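The two complexes that follow have chain A in common; it is paired with chain B in the first and with chain C in the second.
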Partner chain A sequence: MVAALALYPFVYALLVASPLGTEAETLLPRVDTMVGVFYFGLFAMSFDFVSGYTGYLSFGHAIFYGTGAYFVVLAANGQVPLLAPGTPFMLMLLLAGLLAVAIALAIGALSFRLSGVYFAMITLGFAQVAYVFVRGWDYVSENPKDGAAVSTDVHPDGFDVGIPWIDALNLEIGRLTGDTVEFLFVSLSGTEVSYYMVGLVVLVCYLAMQRLIHSPFGTVLLAIRENEERAEAVGYEPFQFKLAAFAISGFFAAVAGGLSGGYGRSVAPDSSMYFLVTGDALLASIIGGFGTLAGPLYGRLFDETVREFLSKRGSGGGLLPYLRDHLPASVIEADLVGGLTVGGAIETFLNGHASLYVGVIFVLFVLYVPNGLLGTVRDRLGGTVAKQLPDYLDRYRRD
Partner chain B sequence: MTGTVLAPLFVDALGEFFRPGTLSEVLLNGLSKAALYAMIASGLTLVFGLLGVLNFAHGSFTMLGAYLGGLVMVVLVGSATGDLARVLFFLVGTLVVFAAIGALGGAVEVGLIRQLYDRPPIYQILLTFGLALVLDEGARIVVAFYGLQPITDWRDALGTKPGFMAENLEVAGLTVAPLALFQIVFGVVTIGAVWLFLTRTRYGMVVRAGSEDDEMTAALGIDVNRVFTTVFALGSAVAGVAGMLLMWDPVWGASLPLAHETLLPAFVVVIVGGLGTFRGTVVAAGLVGLVDATMTWWFQNAITFTGLPEMMIFLVLVLTLIVRPQGLFGVEEVGGH
Partner chain C sequence: MLRTAGLTKRFGGLTAVDSVDFQLRDGELCSLIGPNGAGKTTFFDLLTGALEPTAGSIELRRDGEWEPLTDASPAEVAQAGVHRSYQITNVFPERTVLENVRVAAQAAGPNDWKGWRNAAAFEEHVEEAYRILDRVGLDALADRPASALSHGEKRQLEVGIALAGDPDVLLLDEPNAGVSSESVDDIIDLIVDVARDHAVLLVEHNMDIVMNVSDRIVVLNQGAVIADDEPEAVQDDPAVQRAYLGGYGEDGREAPTTSGATTGDSADDGTDAGEGAEP
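Right, the complex of A and B next:
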């Protein structure tokens, strides 16, 4: 899968240039969208790390994402004390993550005395307090309700991803300010470079989390999810493990937020700290597979693909521009009911309303595919290899 | 910035706050908010107590109620309609909203939520969350289709308010907003009706028995599933009616964000009061409503920090959960402690 993602920008460019280019452009997400899939996918993974593996629904997880995004933007503007605007981006991400760890420890110490719905609610409460706070905090920018942007005066360059202080091992990310690369016969645009560099950070974070999940530590988390009392009876202290999982997950959520702040060069309270941001992570986790680490990334990919397919924007394709170009005008203008044309109907009921269809899909997943995309595939494979095979053999033996 | 500048300002504001005129205004405001929160949250707490489902789509029912109520009013009321007729039409609209949102709620319970009772509670949160997305986006499509602004308040519906509710009354030197009075009266009547239903009717007894122990209730020969449906429908219907009240209120108005604006305070009220206790919810609604109104006043007059009231509401939630995790009137075992 990593290989497939590594080749994606080339495949996308090839397909768009091919005779079926417009179809490909309509169906496939743009590379720019994919960058968002990466960093938000990382956030969804970190959400899944604590919620899917310990069973404690962290409904205020957006606080860590927002912390990361705000930290990076403020640090780049020189508004974080003791931190120069020129601090390497990697170091900013690390510091943002550590700040989130501190916040997570404070919130977790109070919240993990509760469980079930109450846990979800108290974390939501903390996150909403933070959300309302940054929305009204005029230190952030003149108009805190709209968030803040990285100033081009203080921090004119893009954000470097790579090994700090070694120029040759760094590439800048960003839509406009990112580096471009010419290497042999390959040339990459700023967006494509961002795709690889953001993807690289996300991959490293994913591998780190993967390692933790498959360590004895991760096994204890699963034990807590399945039966907390028994885990305690066996001799583990659930509180410490839950708190540690929460802090680790907060760290990676802040890194994801920092990436989004660095790539977009701005932050807004409604797209970073609001409880619906956590909702989006939840959506991605459920569709992709709750309790599978890579699942949320696929969930987010699915979500974004549907959204872009039904988007209003003309660039990057979408259903409506495609139909406009390819259906004869008589079909588009045809009356359906009482003056409502086909084009009008698509405009009204499909375009920009991806939330409705994603919501329907989400509900169907909750009802009928509770394990999500990845979880179900794993179940199928596990079933065929581990369970079905002995059954088949048994049947033959009886004959 | 410094203390010397702030302190006299603060003392001034304190003196201003304790004037009878200000106090009565804040109190009235707080009670009207409390009445609305109690209406919205009571459905939430009943549903949780009986079904064990924390309904994220509850705010969407309120939002739908606001739009539906607005629609009824816009259709019925013309510019020539008198004030009394408008109030009467409002009552008619209330019945329509109650029936329609109740039916919707019942359908949701039978069609969707019923399938999830034997799964972990997290799935019900997820399902209702998805349902809220669908309802909100569906409403957005319809609203946009008729050329209304989805984000700002629905003007036409606001315009159907009787004239005497639009202006403040001066009674014995105190400023009284008739709309707030109307909301308080309406809320008290609704909450009273639900309370009477729960404590004085046979069906209410069944509902309370079901909250206590649904298996035992079923063993006594009662069709618990039907009780579930009824309670879910009732809770949704009351939330819808609360939305209808909000439609006339210029502070809220019928708009799509209403779903979240009401859902979050309602959650706070339910948790602070203790999940599943009706009495706790009513008391907590009073508490949260008064805190909200007080902080709104301070924010408008003394402290320049936007969003202060909202922040206080969530601080109340967090503090309650730290000090008394089961809520004011909650029972330890409820909600997975």
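Right, the complex of A and C next:
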């Protein structure tokens, strides 16, 4: 999977340049979209880390994502005390993560006195307080409701990664439109560089969480999810484990937020602290598979691909512009029902209604694929894909 | 090994456990019996920290010293070496049988939280889990999810999880509850085997089992200890007979406190009524 993702920008470029270029553009997510899939996928995985593995729905998880995004943007603008605007990006991510850990410990210490729906509600409450706060926080910018952007005066270039030998290769995170980087034998656009750098951070974070899940610590989380009373009776203090999981999850959520702030060079309350951001993570987790860790990333990929496919944007494809450009005029003007032409129907049903269709897909997933994409695949194979696929193929070949 | 003094639990106006002075001695198998609603499970919940006592104290003897356990949380009680099984099966249903026991062994094992190592790489926990599965007779089912076990096997797993905590004191709450008569013998053998190297407090309704395996029997009625003696002596105790017949035999009417004219039946009748009280 990692290899497939590593090759994706090249495959995408090749396909777009091929005779089937417009079809490829219509169907496949752009590299730019994929960067978003990466960092938001990391956020969704961090959500799954606490919600899927302890069974406590962290409905206010956006607070950590927002913390990371705000921290990085403010730090890049030199608005965080003691932190110079030129602070290496990796250090910013780390500090953002640690800040989120502190917030998570404070919120968790109060919230884990509750369980079930009450836990979800109190964490949501905390996040909404933070949301209302940043909307009115004029330290951030003149118009805090719209958020803030990384100033080109203070920070003209992309973000240096902060690891010396990587910086020497001129690999930077952040939109560098039109910039190309020569790296070994290939030439990469700014977006592609971001794709790899963001992807690398996400990969490292995923591996770290994956190790924790399979460690003794992770097995205790699963025990708590299944039977908290018994976990306590065999000698684990559930409160401590839940709080630790919450803090770890907050750390990675803030790293994800930091990546989004760094890549987009901006932050806005509605796309970082708002409860619908948590909703998107929940959506990705349900579609990808709750309690599978990697699943939410695939869930987000699915979600974004569908959204882009059904979007009205002309650049980078989408079903609407494709149909508008490729259907013959006679079909488009043909009368469908009661004066509604085919073209009119396409405009009506596809113009910016992606969320509606994603909502329908979400409902279908909850009803018919309750284990999500990855969860279902794992159930079928009887274990993780990496472990089971070789055996499975082998058996298939022999049969 | 484990003792309580004046242990009391009130729920509103109801006194579920009434000033109980109890001692479990080293290496003995003591049975706790009493009619339904006598407060046996509440007493267990108090001992394990699941409920907070209204009054009284609990102490555990470790390394020759009595240590207070009254305000300990369930996890602290478990870490101190007191483990329990549940009357209603209470396992980790989606985990395998092995993992159920392994995660309990891990709690008791050396606290080695090297977060980056796979849990299965801590061989001492895995080996301990296999040893226990062998002992409770579930080794052949190690890879089965716990939810796929039969009721009797789940009862064995209950005891297995409690054993995996490496307990000094084992509290078994009706390990035979709902088990078919063929499987009962297996579980009795297991209890007798476990009692060889642990102090065991057993709640059990089947009087044949209680009389056969116990070193000592404590009888609770309406939250209070009404008898505490060797099996034969308890069997002949008129107060015990009254509690069983009076408490159940006459439509839940309270047991008569004066020496009863209504009872006076033989011990065997009392035993039968006790069994009958179990649904």
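In the analysis below, the second predicted complex is superposed on the first by the 369 of 399 C-alpha atoms of A that agree within 3 Å, B and C clash if a C-alpha of one lies under 4 Å from a C-alpha of the other, contacts with A are read in each partner's own complex, and residues count from 1 in each chain.
As a working rule, contacts are C-beta pairs under 8 Å (C-beta built on N, C-alpha and C of every residue); 3 or more make two chains touch, one makes a residue touch a chain.
Since this is a predicted model, take the numbers as computed values, not measurements.
Because the two structures share chain A, they can be overlaid on it, and in that overlay chain B and chain C fit beside each other without clashing. In the superposition on chain A, A:232 makes contact with chain C only, not with chain B. Legend: residue contacts after superposition of the two complexes on their common chain; A:152 is shown touching neither chain B nor chain C.
By the document's definition of touching, of the two partners only chain B reaches A:113; chain C does not. Of the two partner chains placed by the overlay, neither chain B nor chain C lies in contact with A:18. Touch criterion met: A:57 reaches chain B, while chain C stays clear of it. Once both structures are overlaid on their shared chain A, chain B and chain C have a minimum Cα-Cα separation of 14 Å. Shared contact residues of chain A, touching chain B in one structure and chain C in the other, are absent.
Chain C contributes residues 48, 50, 73-76, 78-79, 83-84, 86, 90-95, 99, 102-104, 106-108, 112-119, 122, 125, 161, 164-165 to its touches with chain A in the complex.
Contacts from chain A toward chain C in the complex involve residues 211-212, 214-220, 222-223, 226-227, 229-238.
Put simply, chain A touches chain B in their complex at residues 55, 57, 110-111, 113-118, 120-122, 124-126, 128-129, 132-133, 135-136, 144-145, 275-276, 279, 282-283, 286, 348-349, 353, 355-356, 358-360, 362-363, 366-367, 370. Interface residues of chain B facing chain A in the complex, by the touch rule stated above, are 48, 54, 112, 115-116, 119-123, 125-127, 129-134, 136-138, 140-141, 144-145, 260, 264, 267-268, 271, 275, 305-308, 310-311, 314-315, 317-318, 321-322, 325, 335-337.
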